[in-house]
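Listed below are the structures to be examined.
After this come two complexes, each holding chain A, first together with chain B and then together with chain C.
Up next, the complex of A and B:
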């Protein structure tokens, strides 16, 4: 352990200024952790040389799991021996990221005993990230975590840790119980989460309404987004109150409606709900006056991913509406069919969205046994290169 | 500590969320009626029962030491009966029943260095990746960029004075562990040179068919070099995605001279008004200039300022650009339009202007 104080003139610059400083955090951990001290030194070197100093991962983990640990090794271990190994553990967060102070302290105590004392609250997929420890500490950390009621999340070619927005815990717009569905899915698929057996990663995110606070449509292979089927609930007195308090309802609500489905006659707001696309804008502006309808559930969309490998994709509609009470069973049924097809036909490191583009949505729908519906497309095809199936009529001719 | 007698537990899953919900939330779960904004970073949710829950939102650096988390736990004890939550954008939310405690909590947060804000028409906290702190394929650091940019945009976090919400994200390479591809402003680390091939190492640590198959443009071919089975890269076909490096450690593409940062604008994930959409390229390259990346900070602040000045109320960055058009965006921001802005990957033609819709 390097006892001398590490000089970090470049990183010190990032302690200045009003935004909370990650350098201050690393220095705080470095007071008690030699690993954090060497991380600081290696990071300063990266800032000097403008290049990272982490080697490509290796396969490390806890016994019986294939995911949940990201192997990381320094390429300058002779300079910074305490981060020679610096593996990350992904710890499955409680749905909605709610904690008690006691649970946070338990996590801190475990991580202070076994690792760098540095965390991410939270990682991009949603896990609690324990940032950096040695190979020998992985199993003891895991043991203490499970004794405390926590478990690891996903990594590699497995189902990644599902995440959920705050949902009905604190949001009037939640069209289904995001926390419950997230928890139920996580518990149902513990094996898929911990033991990578897919062609590549598979992410699931539960968003309670089309505002999509967990970015599911951009980031989840399966995006479960709350929506309602019936009319927007409308409180005319509350509408009048917003107007009386200065809201320019014509400019800020009526004219911002993407389908122009509402009118304001100076006294009353009239919504043509048949034309509403449930975008949430009017509800966002007047939460006290307008609310999602009462017939609630979710739309299931499939396929989102970041650019690697064949380019970024947003999820697209697969099932336009599933009532809340049928949601968990429908998701399970859908996942079993999608995963079966993807297992069979997906290439190594091919996300399900890329597979659909490669084989064609229509073939994919045939394979998973879903009928095509117009809600799946923004418009029908505009090219005539149709792969007609040879049906009985054609064979007779 | 686990004793020898303790059974090894696996596949127990995360703790049930109900254990961590404050009593007021349990009482009103699924029965919230509406919410009001009280001040930047402060919201009040009203339940059908009439009960009110006050939320105070504070920005964090995401990278937190256990010592700081314990301080957060102390604040949760002091003000919220020990309950606290985090948001999908690395904010910390304190949930209070007693509004008279809000100002004291804000003072305590201020003393700890955590800004209160990030709600409504403010810049919320930045979603970002690991960068040089923990990643092997990073073309830049993420935490340092976030810190530098948010120091400059601090007032945009603590005030709700933008036309609409503004979502910033940073990813340190094209893997995009953060959802930068659908952000109002995305800062993306880029490599700009093909991978180096370590021919001595490659046969020992990489499967050649996997490496060949990993390339989205088919730029990698098997080749024998000095009797070793290895690969070659057709450099004209390489667009520096790093996918080969992900499957093969013997093909590093980090380069301190040529790595840097690109800026993307106009994406969104919300369905409000317009559909979710990807961010589009604004600036193809800015140099890596740690510790404070002044070129990046200047560019981002400029884009935010121009947007704040010209966009109409409720127009997100992309919706504003829809209205004014891309030529005007480049004119107003002073950003040069270059050959790099024109797509040349799959379906590139869909991005050409196939109309006479032009503004002069």
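Up next, the complex of A and C:
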């Protein structure tokens, strides 16, 4: 078996072209890994038959944890015995995905000893993904990971591994320390991460500015997005330099502003900061001339999800601005209220955003003790947060 | 007087045994059942969390995943090949 070359004419098609190919990588691993070799065989079979051959779920995990391992089995183990078990491990990534090369070597060595050697750096929630191992290898892998300073991430109905953009480590636009907040949240909620007790998954993502490089507004149940409260910092000399270098400020900046809050008279750029919605477009176009303001913090939004059971939802604003120094305490207080309500009224496999849609935002805000504020209105005349009593309407008439 | 954690863990375990093969129980199902039985003045959510921790850490129960996460008996995985 070890020397047999598996014929994979359909998979070979996926090696063609200039882009990276997962097939090429699996073939490379298959030179030393029997699991990778059988994986190629099963995948080719799936392409031939146009049907998946994995069974997923069940009871697999490490002692004490309910998350971090996704059970996966082949439904054709007699043909591909080396992938009869092919469990996935999710390993909690470092905040901002910063590694030393030594740490990466350690991770790969552990996985070559105990699994297929195949990894996915990184999964959509952000974890380091170890692809393919047997049930008997789970505890030894976990033991070596913890000795190396790593822990498993979340899976199932728990708080998923929190993730953060690179934040102030490499980005001048970070409005708060995303790495620190992500680490603090991870350490605070170890039980929620490892011991599933929610109606369904709950994701938290920390983005340092509205560019939202971790896509929190589309993916995270709780999106923590850096923002500033005061005016955009403006350097007029740098603006002039952009113009001298050929930038058409009127066309490329002013007319692309979603709220038309900027004016350009040919010499001076004027920003009406009251109308700015912090979209970051002008700052992205002229990073040397414009910068986020100095009064920085984050906006907390709730309820995003990708389409799985129901359609996709974007996060809704819950708290428009929290100063950086109050961020962790505010997040903890908000989570305790949101989770209490979700625990009580959430249906099985219902994300918190779906719960809000079902009960209505007004009722949800009332239940968690938040007052509606204008920043929650995503479209004028669209959000029914303001209710007029009949007697008020009559007195106005 | 508060119900001891050990007692809660035992009663939860009996629930898991009783429902095994009939209904999948989530952590919140066990918690709500204990609070319904004894009242919030005698059993808190934190007590139930500790009881579940005891059940899982002792190996008497394990987590399973069947579209969502459940607490069940540590039987051989039905999805595993024979």
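Brief remarks on what is shown
Keep in mind that, in the parts below, the second predicted complex is superposed on the first by the 374 of 397 C-alpha atoms of A that agree within 3 Å, B and C clash if a C-alpha of one lies under 4 Å from a C-alpha of the other, contacts with A are read in each partner's own complex, and residues count from 1 in each chain.
The rule we apply is simple: a contact is a pair of C-beta atoms (placed from the backbone, for glycine too) under 8 Å apart; a residue touches a chain by one contact, two chains touch by 3 or more.
From a predicted model like this one, the values you see are computed outputs, not experimental measurements.
Once the two complexes are overlaid on the shared chain, A:197 sits against chain C while remaining clear of chain B.
Applying the stated contact rule after C-alpha superposition, one finds that A:361 touches neither chain B nor chain C. Touch criterion met: A:55 reaches chain B and chain C at once. Contacts of A:349 after superposition: both chain B and chain C are touched.
By the touch criterion defined above, A:117 lies against chain B but remains apart from chain C after alignment on the C-alpha atoms of chain A.
More residues of chain A lie in contact with B than with the other chain of the pair chain B and chain C. Of the two partner chains, chain B and chain C are each touched by A:65.
Once the two complexes are overlaid on chain A, the chain A residues touched by chain B in the first and by chain C in the second are 55-57, 63-65, 191, 348-349.
If you check the complex, the residues on chain A that touch chain C are 55-61, 63-67, 70-71, 73-74, 77, 84-85, 135, 155-158, 191, 195-200, 343, 348-349. Of all residues in chain A, only 10-11, 13-14, 16-26, 28-29, 31-32, 36, 39, 43, 46-47, 49-57, 63-65, 72, 86, 88, 92-105, 107-109, 111-112, 117-124, 126, 131-132, 140, 143-144, 146-147, 149-151, 163, 165-166, 168-172, 174, 177, 179, 183, 186-187, 190-191, 194, 210-219, 251-252, 256-258, 277-281, 284-285, 287-288, 291, 306-312, 314, 347-349 touch chain B in the complex they form. Put simply, chain C touches chain A in their complex at residues 26-28, 31, 45, 49, 52-53, 56-57, 59, 62-69, 72, 74-81.
Within the complex formed with chain A, the residues of chain B that make contact are 1-2, 6, 8-17, 19-21, 25, 29-30, 32-36, 45, 53, 55, 59-70, 72-74, 76-77, 82-88, 90, 92, 95, 113-115, 127, 129, 131-138, 141, 143-144, 146-148, 150-151, 154, 157, 174-179, 181-182, 210, 213-214, 216, 241-243, 245-247, 249, 254-256, 259, 269-274, 276-278, 288, 290-292, 313-314, 345-346.
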